[in-house]
Each structure stands twice: as structure tokens, then as C-alpha cells.
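Presented sequentially are two complexes of chain A, the first with chain B as partner and the second with chain C.
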Partner chain A sequence: MAGADSPSAALQRRDLCARGIRLAGKMRADVINLLDTYAERQGLDASANVAAVEGLPLAAVEGWDEQTGTQRLLENLAAYRAFRALLAQMLEEHREQLGEADAALGRALAAVLLQVSAFTYHLEELLRLESCGAPSEEEQEEEDGLPPQPHGLFEQKLRGLGVLRELAQWALRSGRDLRQLAKPSPGTGSAPSPAESP
Partner chain B sequence: THIQYERVGADVTMKCGSMDWDAAVTWTVNGTDIDESHLNGSYLILKNVDLMQNGHYSCYEGSSWHLKYQTYLRVGTPPKEPVLMCRSNNYPKGFYCSWHLPTPTYIPNSFNISVIHGTKEMVCEKDAVPKNRCHIRYLQLFSTVKYKVTLTVTNALGKNFTTLTFDEFAIVKPDPPESVVAKPVPNNPRRLEVSWQNPSSWPDPESFPLKFFLRYRPLILDQWQHVELSDGTSHTITDAYAGKEYIIQVAAKDNDIGTWSDWSVAVHATPWTEEPKHLTTEAQITETTSASTSSFMAPPTTKICDKGAIVGSGAVAVCWTAGLVMAAYSVLFI
Partner chain C sequence: QNLKCVTHNLHKMICNWDVSSRRRHGQTDFCYTTNDLSPPVCFKTKEKRVEIPVPESSSVVTITTNSISGTPFATKEFEIHKQDVLFIPVTPRILSLTPDFSTSTLNLKWSDNGSAFPYGLDAFWQIQVLRKETMEKVAEVTYHSKLTHEDIILSWNWTSDLPLECMSHYVKIRCYVNVTQFVGLKDWSDWSPVEVIPGKDTDPSGSGVFPLDTVVAVGSDVTFCCVHEEGQNITNMTYGSKPYPMIQLSSRSNAIRVLNANASDASGTNVVCRYNSGMLEGTVLFVGYAPDIPQNLSCETPNFRIIKCTWKPGRHSGLYGKRKTKYSLFERTSGKNVSCEVHEMNREHVCGFPVIPDQKTYDFILGVSNPIGQTESSLLVDITQRVHPKTPEKLTVSGNNSTSVHLRWFINGSFAEIRLLCQIEISSGHSEQKLHNVSMPGGKLSAYTAQLNALHPYTKYQFRVRCSAADHFWRWSDWSRIEEYTTSEA
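Coming up: the complex of A and B.
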């Protein structure tokens, strides 16, 4: 297997990053559309404040420009694995509550879940290329635990809103992370220098 | 020195320090005696004040001319709700907020701004210039928690405030593109080549790429053509009207978030046109010389000659127009 710094690995990284950026962009656009539809169908205000959702990975990060490439990939991977579980749960709840009554929303949720799964796999590929290897999902579940079950129907709906909103932010962040990763870096796992303040 | 602030339209009563109401006093404003009709005993009464009553008021005891009281009267208004704007033109470094009052108060105002992100209070560092602006560095990126900015304006006559609440990405608006250049394309009468640069305030175009919007129209028309460009800092217009001067502008936006910049400074350009050929045949020269020698005009020598050919070949190249002119003169002076 080529070392992380070899020319072929660098080309592969750039190619994977470029594809990842496109995937993230498409995913974000679809999630934003779904967010509007979801809020409307659930009778919610799309800009409503949502209380902290347990188990929801937050995209907000301090010192973003100082992160290493490996840090970025690991945080992204952990987030999308969590979203995969959260969206699967949302889909199941949706089917239990509404069945075929709102099939379109169910299909849209399933489509986003598929994109999240694909992006997760893409991140795992990138981590393999970095010679880091992705942590196994069993290890991660032991660390993070499975998402807890929400209580009432209204809480479920609000939780869903929070999940989609945070996923849209993650998709935005992932595009930026991959652009940083695609920049030529001085050494293995080291972050490129942040831009100087104007 | 004491300053007294009063609202426009108010009635103002000034007492002469500790002097009794029935004491004999003289009031002056800016050194000029005030007519007794404005006095009620020793009190000075100013009704329905406006900015014209601004000034230095003094009260003197009648006989001794001792100064008993003085004040500066400043007439103004309490502040109306301020206008506040926040914007990030250097994402992801930070953002700035700027403000102004919709109408002047005519007296000094002080501004206090608070920025809250979730539960955290952030410091907005005031700029030296302009004074009504402050900036904040982003401590977090990609947050879904909104920012809440409250600006309070206070003066001696009252206070007012306004609040803005926004998402990190909603206020991102780059500065316009810089160094816009438009050039004709040689031998292409319908093309114009336009290039520009990212705004210098945008710190990291590689990780946060901009997309661009170009608009152009011939000066003689009002309707703009628009082109959106997802990457690159140049574009070739291929449908320009031949020979018409164009006005061209470019705007920028982050690829994913925020709003479009203002339009760049406008540039003008005209597509390449072929220089008209001057028709100097022998027949025309002959006709001209037989009609009238005084009306003969030597044709401009640049019309036919290719400058490059002349420059390149020195004494050897013969511009055939120049040759014809010489021939014509020869005919005239035989």
C-alpha cells in the first residue's frame, strides 16, 4: 500500500477529496430541501429553537483552522456514523407514526440516509489512505452509545428538526474540511498553515 | 463647566444660582444681555427651545455684577432606535457590526454593543476608524446557535436600543471583486475578455472559494446580460455587439453561504474592430488631380499600411499608399 505521502497517494487523496466535496455539496442541498419539507409537514417553524438533542454530533468547532487532516476525518466519520443511526431511527419513527400517509417524506428521509451512508464510506476510504484506519463502529458505539429514544410525538418531531439542521451544518463543514485536506500539506497528518488575518 | 441638556420644544427655566426670585439680576447669552421680557423675576424663561437657543448663559447680580451662575445650554433630542448592521466580509475570520442613528440628536451620544453567542458573551472590539464600528473574531465555526447583537445608544435625554439575531452563515457577504479588467480580443469583433481578482479582504479563497456573477451591457442599451461562474476569475464574452462600447461589472459570493457582494467598479471596453480600408485606387487619384489641384488631399498613410509590417521591415518595406501619394505629387508638379 502506498505511503500517505507518495505522489500516487497524494493524487488519490485529491481525487477522493474532490468527490467528497461534491457529495457533501449535494447532500447539503438535499438536506436543506428536506428541512423545509420536514418542518412544514410536521407543523413546525423551521427556525424554531431546538433544545440540545442527546447524542447529536454538533458541527460547531473551535480552532477549526488548526486541526490536522486526520482530526478532521475522524471527527467527520464519528459524526456521520451518528447521523446514520439517528436518521435510521427517524425513518423508523416516521413509518410507525404515519405509515404510508406521508410516503414522500419517508422517501426523502431514506434518500438522505443513503447519502449519509455513502459519505461515511467515503470518509473511511480517506482514512485508510491516510494510513490511519477508521475506528470500528463497535468501538465507536461503546464510546458514544446508541442514540436514546425520545419520549412524546412532539419531542420526536423537534428532535428530527434538530438532527436535520445539524446535518446541514455538518455537510457544509465537511466540504470545507475536505478542501483543507486537499491542500498540499508539509507532512503526514499536519494541517496547512492557517491564512494570515487581514 | 456645567452643561444643561434640554429637549427640542421644551420650556426651560434657569435659576440664577442661589439668588432669590425677586433679586435684581442680568442674564447674558454668549456675552450679550438678554432682554427682560424673558425674565420672570430673576428666573430666565426660554419657551419652546430649539437649536438657536444653544449657548453659554450667565447670570450676574444686578449691582455688583458678580457672576452667580453659568451654564452651557445644549438643545437636542433623545435617540431614536439605532440602525445596526452586521456582516462578515472576511469569513471565516470574523465579522463586524456598524451602526448609525436615523436622525441626529444634536448632543453627544454613547454606544454600547453586546454580542451573545448561546450563553457566551463575546467582546466586540471597537475600531478607531470609523468610530461606529466594532469587530469580532469567530471563536467557533459551523455553529447552529444564533448570534444576538444588542446596540444601546444613550444620551443625556434618553436611550434606545436595537437587537439583531442571525446565524453565522447568514451575514457572510464578501467585498466586490478587485482589479476588474476588460479587453478586446484581437480579430474577434464579438468578444471581450474579462478578468478580475478575489477581494483582498477574503482570507482563504482556496478553502472558502468564491463564485462570481458577471453583468454586461452595451452603453446604448439598458438591459443587462448575466453570467454566473462557479470557478475561475476570468470569462470571455462571446456575444458582444460589434463596435459597441460595453460596461461590465462583477460580484462575488461564497460558494455555499451568505449573500452576493455589491457590484465591482464598472469597467468599459469595446470589442475589436477591423480598421476600415481606405480606397485609394489610381483612377481616384487621377480624377482628383484633374478636377482641382487645390482640393487634392493626401490620404492618411496609416489607413492601408500595417504598422507591424512597416516596423518590421524598415527601409525595404514600401507602403503602397505612400507610393501612390508620391506618384500623385509627381503628376501635379510635372
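Coming up: the complex of A and C.
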């Protein structure tokens, strides 16, 4: 974490973290609901085995305990930027494939995308507070590039399932990361070990 | 011995023969006559095969076999009659064999080599479609064409009952030309070399479920195949949530056959292939209906700037998004075509077409299509007889005196080509509602006025107005907002 905080910066960080934790919790609940609806509307088995999705950030991480606050934020930011692109693609595919047929699912997808965008902005705020600033969006897009096009519609459906599942895991992890971050520096404290992380 | 002559083009013939003696022999002296008058044509050849002209009626051939040292040791004379000559067309040449995987259709193109034959002859083409490395014949057709003394490229389509990706498909072709004026024997040409469209099961990294994301009509029978990589095993194949019995097509290709498919959900019906590893591969089938003929097609203009056509779409196709039913309005006189932005969830569909300056009559064709089929509906309409003005706006009432008022309103649109009929509704607390009709020349984006007399002094009135075409009534506009006015005291 950055050097010792001034009281106001620490207060601001704790407030941002608290709001972030609430955002992550709400997002996770909405994503889990969306997952069930998505699986049902796409004719998928919710427990279907999904192959690795290229460009999908994985929530599981080794050495979660040892991560600095900035590392946590940077990883979270990269992940949610990736999710924003993946969800935007899912929404576009939804419009292309279903048009107005399943407006409810479309709205639910758009709502989650909105939350992911808000959470991304929130992370950028936190990083600005860490006075190291968020990496520019372009750098990351160059690194990640556009989400790959799936081979067919079934693969597209499965990929969507995989994205939502991983997003739910990330929302869980983000809550934990932000709780770690909210602790007064230096970041000690008995945060749950990575095993418990998603 | 066994002198046989074959012609491929009715002009030249290739003759070959056998030599019975076992002695080693050198060159052969070959002589032939073209007709009774001219001397024989002779030449030497090492082959037991020559190409000479097809005789007009018959030709005498003398073959002298010489020893290595050049001394003749056997001579034989043959008379070849034209009717002994065998006509076999040149083996057809396949120009292209093109797969359309989305429709499981093969397109074959070949040249008919018509320039080699007189005009108007009947040609028959036998085409065989074969599958698997074992070349099992799955289709054989005879296709007929007329030769035109020019080389024409012929084309033939074949739709497979299972996806072309599932296994390799081969095609070969041969032909028979019915040369009526040729008295000799006639036979089929040789088969062309086979052309192949390899199946995905021959591609080392080929895998997947096919056909990929296709659209079929309700009631169709569809065959799906799962092509898997070497060493993978399939647990089962399901259509929707129902497992189907698998048919093995090849070592890396299994199929299921779905009969009489029901309409699918908006997101389609998943066809899933489960492997022992737990991994899934799949495709999506969209099952819907061809579009119905649009009913009650009707067109009107609200303002002589746009023509608004409406219709009842009939049964919903069950297809959505980019597969949904699309509509376009084509106007024959002007040749103008407009694609319609239609919201599939609405019961009534609407499409706007721009009014064309100086054109009153419109010959509309409403085209309707989706991946399963297409249809159309047509309408001939004179828009001056289909005027449905917009709601009159900005109605104002002013008083001239205690028993008459002056009304003024505005209608968005240009009606200069017609006369308008407007109806004013007059209501007041204690007398019966009255309707007052007034007609006036239409204007362009203009206001309209009317005078009402014989009103009661010092009385509160409610006025509202609606308009339509005067000469060819079609529909009233909606009523304007009500405007209240109290006449002055007498």
C-alpha cells in the first residue's frame, strides 16, 4: 500500500471501500439471478461444463494474502474492464440474435453491464487515491484486444455462461479485496486465505 | 486382329488392334482409304493405335507388321464400315464442385463441350454422389441438356440429407450424346475423375456439431452430426433436453436424426454433444415458419409527404433477431424500394414510403421474407383517395359578435392537391350537440378558418374540429382538442 495515509485519505479510502463492497455484493446477487435466467432462456444446463473462455479473467489467484493493495486494485480493474468488454459483446450478440424477443434478459444484461461499469469507475477512483493512477484503458485494450468471436451460437451461449459465472466469483473476490484494503495500513489483519477466495 | 475404332468427335477416330504373333516385330505400315476414288493414305507407326478420319461410308485398312529388320511378315486387310465405329463422347470435365454448408448443398459446374458437336443434339449427363472413403453411392441422377455448338457451362445442385461437414462427399459425371445422324454405335463416356468435398472428420483438428446454427421449417427432419477429434469418445447427443440414438457415420463422426421438429424458443434449440471428458460441443437449430401472406394491406397519407402502409402479418414466424421476418415496400412505377423497420412484437405492422412528387398512383408490392421462405402482397392505390389527415392543432376561437364566432386551426401537411372537408362539433350546456361541416381548398402547411353563426349570446360553448378529404372521403382525422368560448352578451 502507499506510504502512511493522511487521516482524510484513509477516511476517504475506507468510505470508497465500503461503498465498493456494497456494490460488489449487489452485483454478485444480480449476476447469480441473471445466471439462472440466462441458462434457462438459452436452453443450457446451469451446471454445464464450460471450456476455458479466451480473454476471461480468472478470479482464483495464488498468493492472495501477499498481494499489496495496489496489486489488488490493479487486478480488479483489469478484470472488470475485461468484463465490461465481454458483457458489451454479450449484449450486442443478444440484440443480434434475439432482437426484441427477450427484452427482459436484455435489460438484465444491460443492468449488470452498468454495475460493472460503475464498479470499474469506482476502482479507478480508489487507484487515484493510491496516487498511482489507473492504467489507461487503451493500454489494456491493446494487451487484451477484442474478445474473440466464438465458432458458433452454442459456443457463444456457453461462453456467456462462463462469463457470468466468473463475474460472480470476481464479485465475491472483490468484496474480500476491498475489505483487505479497508483495513488501516499497514495491511495486516486476518483476511480469509486464498483458499476461501473463489 | 480385333481392329476397333472409336470416335469422340465424329470426325476423327482412334483405331487400335492386336498382333497375334509372339515374334518380336518392328514398325507397322498402316494404309487406309477415305473413299473409293482416292488412293490409300499410308504411314508407318510403332504403336498399335492410329488416329484417322471417320469414313463417310466405309474405309479399307491394310496393316502390315514388319520384323525388327523391316521385312514384312504379316499383312491384314480390314473393311471398316461407319456403323462399326463406336462413338463415345469425350469424358466430361468438372469445372468446380462448391459446397454451401449452410444449406448442405453441393453445386457442380462442368463444360458441355458442345462446340465439338452439331447444334441441337440431346446430351444426357449421369451424375453420381458418393460418400465415405468406401465411395458408397448416395445419389445418381440423369440430367438432360441440348448442345448448342458452343461450349456451355452447366450447373447442377444437390442437397444432402445430412450436413456436408459430417463426412466426405465425392461427385463424378459421365455423358451420352444422342447423335441421331451418326449411324455407328454410341455409348456413355468414361466417368470423370471424382471431385471431393472433404468432411470435417478427415481434418485432424476438425470437430464440432453440424449443421452450424441453421434455420428450418417446423415439421422438418434434420440430421445432426458430431465430429470429434481422434481419441475422444462421445457420451451422448441431445436435441433440446432429450438424448437421441446415435448413428455412427465414421470413426470420428456420429449422427442423430430429429424428425418432425417443433418450433424452437427464441434462442433456438441446442443440439449438444457430450464427451467423456465432460466437455460439450454443440450447435443451435432455429425452427420456425415461413412468413404468411400479409393481410389487410392498406396505405394512406397523413400529409402528402409520407405514405403509411399497414398490414396484419399473420402467424408469427417464431424467428427473432437477425433471422426475423423482414419487410420491404417496392413501388413498381417509380422502381423505388424501401426496407421497413418493423417491431416484431407488434400485432399491426407499419411501413413509411415517401410521397414522390407528381405521382398520385402507387403500385405497391410488400415483400416479406425470412430464412425459411418469402411471400408478398400487392396494392394499387391513388393516394388522393387515401387521405387521413393528422389531428388539427392550435384550434383558436374568437368572437365577431354575440351570435357568431371565428374558428382557426392548423393541420400539419400539404393538402394543396385536394379539397378538405372539416367537421366542427359545437356543444354547450343546455342545447344539443351540433355538427357543422365546412369544406375548403387544401393548403400547404397552412391554417384553416371557419365562421359559425346563429349562436346564443352569453353562452359557454365547447368546440372541436376534425378533417378529411372532401372529394374522396377516406378517414376522418382524430378530433382536435376541445376549445371553450363564451359568446358576448347581446
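What we mean here is this: the second predicted complex is superposed on the first by the 182 of 198 C-alpha atoms of A that agree within 3 Å, B and C clash if a C-alpha of one lies under 4 Å from a C-alpha of the other, contacts with A are read in each partner's own complex, and residues count from 1 in each chain.
Methods note: a contact is a pair of C-beta atoms (placed from the backbone, for glycine too) under 8 Å apart; a residue touches a chain by one contact, two chains touch by 3 or more.
Worth saying up front: this structure is predicted, and the values here are computed from it rather than measured.
**Student:** For the three-chain model obtained by superposing on chain A, do chain B and chain C clash or fit?
**Tutor:** Once chain A is superposed (C-alpha atoms), there is room for both chain B and chain C without a clash.
**Student:** By the touch definition at the top of the document, which applies to A:Arg159: first (chain B), second (chain C), both, or neither?
**Tutor:** Touch partners of A:Arg159: none, neither chain B nor chain C.
**Student:** Who does A:Arg81 touch here: chain B (first), chain C (second), both, or neither?
**Tutor:** It touches nothing on chain B or chain C.
**Student:** For A:Asp102, using the defined touch cut-off, is the partner it touches chain B, chain C, both, or neither? Pick first, second, both or neither.
**Tutor:** second
**Student:** Which partner chains sit in contact with A:Ala48 here, chain B, chain C, both or neither? Use first/second/both/neither.
**Tutor:** Second partner only, chain C.
**Student:** Considering only the touch criterion stated at the top, classify A:Arg72 as touching first (chain B), second (chain C), both, or neither.
**Tutor:** After superposition on chain A, A:Arg72 lies in contact with neither partner.
**Student:** With chain A as the corner point, what is the angle to chain B and chain C based on their C-alpha centres after superposing, as a multiple of 10 degrees?
**Tutor:** With chain A as the vertex, chain B and chain C sit 120 degrees apart.
**Student:** Once you lay one complex on the other using chain A, what is the shortest C-alpha distance from chain B to chain C, in Å?
**Tutor:** 12
**Student:** Across the two complexes, what residues of chain A are contacted by chain B and by chain C?
**Tutor:** Correct list for chain A: none, the interfaces share no residue.
**Student:** In their shared complex, at which residues does chain A touch chain C?
**Tutor:** My answer: residues 41-44, 48-51, 95-102, 151-155, 157-158.
**Student:** Show which residues of chain C lie in contact with chain A when the two form their complex.
**Tutor:** Residue list for chain C touching chain A: 208-209, 212-213, 240-241, 265-272, 278-284, 320-322, 324, 343-345.
**Student:** Using the touch definition up top, name the residues of chain A that touch chain B in the complex.
**Tutor:** Interface residues on the chain A side: 25, 28, 58-62, 64-65, 165-166, 169-170, 172-173, 175-176, 179-180, 183, 194-198.
**Student:** Provide the residue numbers of chain B that touch chain A in the complex, in ascending order.
**Tutor:** Residues 90, 92-93, 139-145, 169, 200-201, 203-204, 206-209, 256-257 of chain B touch chain A in their complex.
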